[in-house]
Amino acid sequence: MKIIFMLFTPLKKDILKKLVDTAINASNNAFHPITPKGVGAAVLTTEDEIFQGCNVQTTISGLGVCAEQCAIYHAVAQGKYDYKAIAVYFPSEKFIKPCGMCLQLISEFSQVINKDIIIVMINNKRKIKFTTVNKELKGAYGPLVAGKDITMYKKNK
Amino acid sequence: MKIIFMLFTPLKKDILKKLVDTAINASNNAFHPITPKGVGAAVLTTEDEIFQGCNVQTTISGLGVCAEQCAIYHAVAQGKYDYKAIAVYFPSEKFIKPCGMCLQLISEFSQVINKDIIIVMINNKRKIKFTTVNKELKGAYGPLVAGKDITMYKKNK
Amino acid sequence: MKIIFMLFTPLKKDILKKLVDTAINASNNAFHPITPKGVGAAVLTTEDEIFQGCNVQTTISGLGVCAEQCAIYHAVAQGKYDYKAIAVYFPSEKFIKPCGMCLQLISEFSQVINKDIIIVMINNKRKIKFTTVNKELKGAYGPLVAGKDITMYKKNK
Amino acid sequence: MKIIFMLFTPLKKDILKKLVDTAINASNNAFHPITPKGVGAAVLTTEDEIFQGCNVQTTISGLGVCAEQCAIYHAVAQGKYDYKAIAVYFPSEKFIKPCGMCLQLISEFSQVINKDIIIVMINNKRKIKFTTVNKELKGAYGPLVAGKDITMYKKNK
């Protein structure tokens, strides 16, 4: 693993390595009958738990999830709502950012704890690049703007 | 747990109990800032593994998942594609069937192994009622109709 | 146009012909960079207005719509919520039913006026087959079950 | 209508006024049984045609569209794929940007003609603010990155 573009990150090296490995391995579980590539992701909670995800495609345009969404749904299924970082492995040399739909979902959860969430992009050489959800989707709509009370989700289950 | 309407089911009593308990417990993890009710689900693989899910709501109409979808994405994240049954707990006295969107997703996976999938509905009295995806969504569109090769997913990872 | 399977239908012959023609023509507008086939649909309001739709695909699994959904969103954009029928043209010899996700959307609107909605399936020979949303998605969840007040939508705008 | 924050815009004053009026009026057509607010949008093609949209909500978390998506699906239903601008009216004093999911859809279509698309935000005082999809969702994934041939959509139908 070689970090080629480093912003500030509070992720510890061993945690980051585990997060990256999990995202890469998760891509093998992808269900992708429509396109040739499996994508993997892994979300890191504020308690350093990791939940993996992969893309899930169907024959219906509006039904299915990207790997990042899958990882978040996996974490929520386990009662975890506060995330420090999310890593996404896309098997191309070019670094691929989460799509707008994934950024929106990540942003909704960043509003639960009202803190930015680090995004770790991993390419097919295992190189990584950092960004954050607030950098990629500035001033996003979400529960805070909509006036929804989400304080009860601040504490994981 | 009291079964009030019994079709044929090949689920063993202890497995069924565990599936139902998992679905009910999973409802506590629901992320539902929009509506008052948490819904839980649990999918049972052909190898008797269970993966739970819950509804996840956002402030965006087209973004979020029902509990059944969440449970399936959770299972796929772990490399499991062949399901025998899915249970859904909805906290009302009336039994609630999976919505059409969930039925479509369940159906797509039933086409992986080309077998029907049992649906277990659980109400707020812990009573249960059975149906199947093929009964609820007859002749559904999906990978088989679309001519997609999904044979590689017949074997779990 | 040859009707090969006739249930009861209250659609007048000329209206039906126009609905079918509109659905077929709309398939030419489909935006489908992912799969080779364009699908068309057309929704008929209780006032005999017709709104067309087509499938819209994106590179993101959960983003995009089937033709039926597109037609409904088109009609709602014009302030029309009460539908008598929806036709869908799928360019294959086999008749293709609306997917579960489309059935759910059609069902939500059938609950606005609390009446069944006729579904007209059209194949690549311009043959047609009838069904209804209540037949295909029995006892569907929706605004009535969820206790949402939708009486204000009974009157088109 | 008072423009309070002006970036460069190539929109002519009369076209902009019509676009803004259409978006505001479209909000009256919104189908929103879940939340109290109707949102309106209008997309402007490169040939100065305008297609309106509004938010459409269902009782299912992943089913429904924001006003911007509705406007685009409306335009595609009519065979129009190349957009110069999209306006969105949100009935609050705060200016609301399109959500990440909408930005992704707008971005997919910006890749058809490989040009940026202007976003016009309108608040409840009829004030407007400009941005663009490339500013809000930089380097977005989409058909160009995915290597999909979309040249056929460059010409409207």
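Here the chain labels run A, B, C and D in written order, and each chain numbers its own residues starting at 1.
Note that in this section a residue touches a chain if its C-beta (ideal position, glycine included) is under 8 Å from a C-beta of that chain, and two chains touch if they have at least 3 such contacts.
This structure is a prediction, so every number in the text was calculated from the model and none was measured.
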Give the chain pair, either A-B or A-D, that is connected by more C-beta contacts.
-> A-B
What chain lies farthest away from chain D once each centre is taken as the mean of the Cα atoms?
-> B
Hey, how far is the Cα centre of chain B from the one of chain D, in Å?
-> 35
So how far apart, in whole Å, are chain A and chain D when each is placed at the average of its C-alpha atoms?
-> 26
Computed distance of Cα centres, chain B from chain A, in Å = 24
Residues of chain A touching 2+ other chains?
-> 34-35, 56, 58-60, 62-63, 65, 69, 99, 101, 104-105, 141, 145-146
Complex contact set, residues of chain C against chain D | 26, 28-31, 33-34, 51-54, 56, 58-60, 62-63, 65, 69-74, 76-79, 81, 101, 104-105, 108, 141-143, 145-146, 148-150, 153, 157
Along chain B, where are the residues that touch chain C in the complex?
-> 35, 62-63, 94, 96-97, 99-105, 107, 136-141, 145-146
Counting only contacts in the complex, chain A reaches chain C at residues 34-35, 55-66, 69, 99, 101
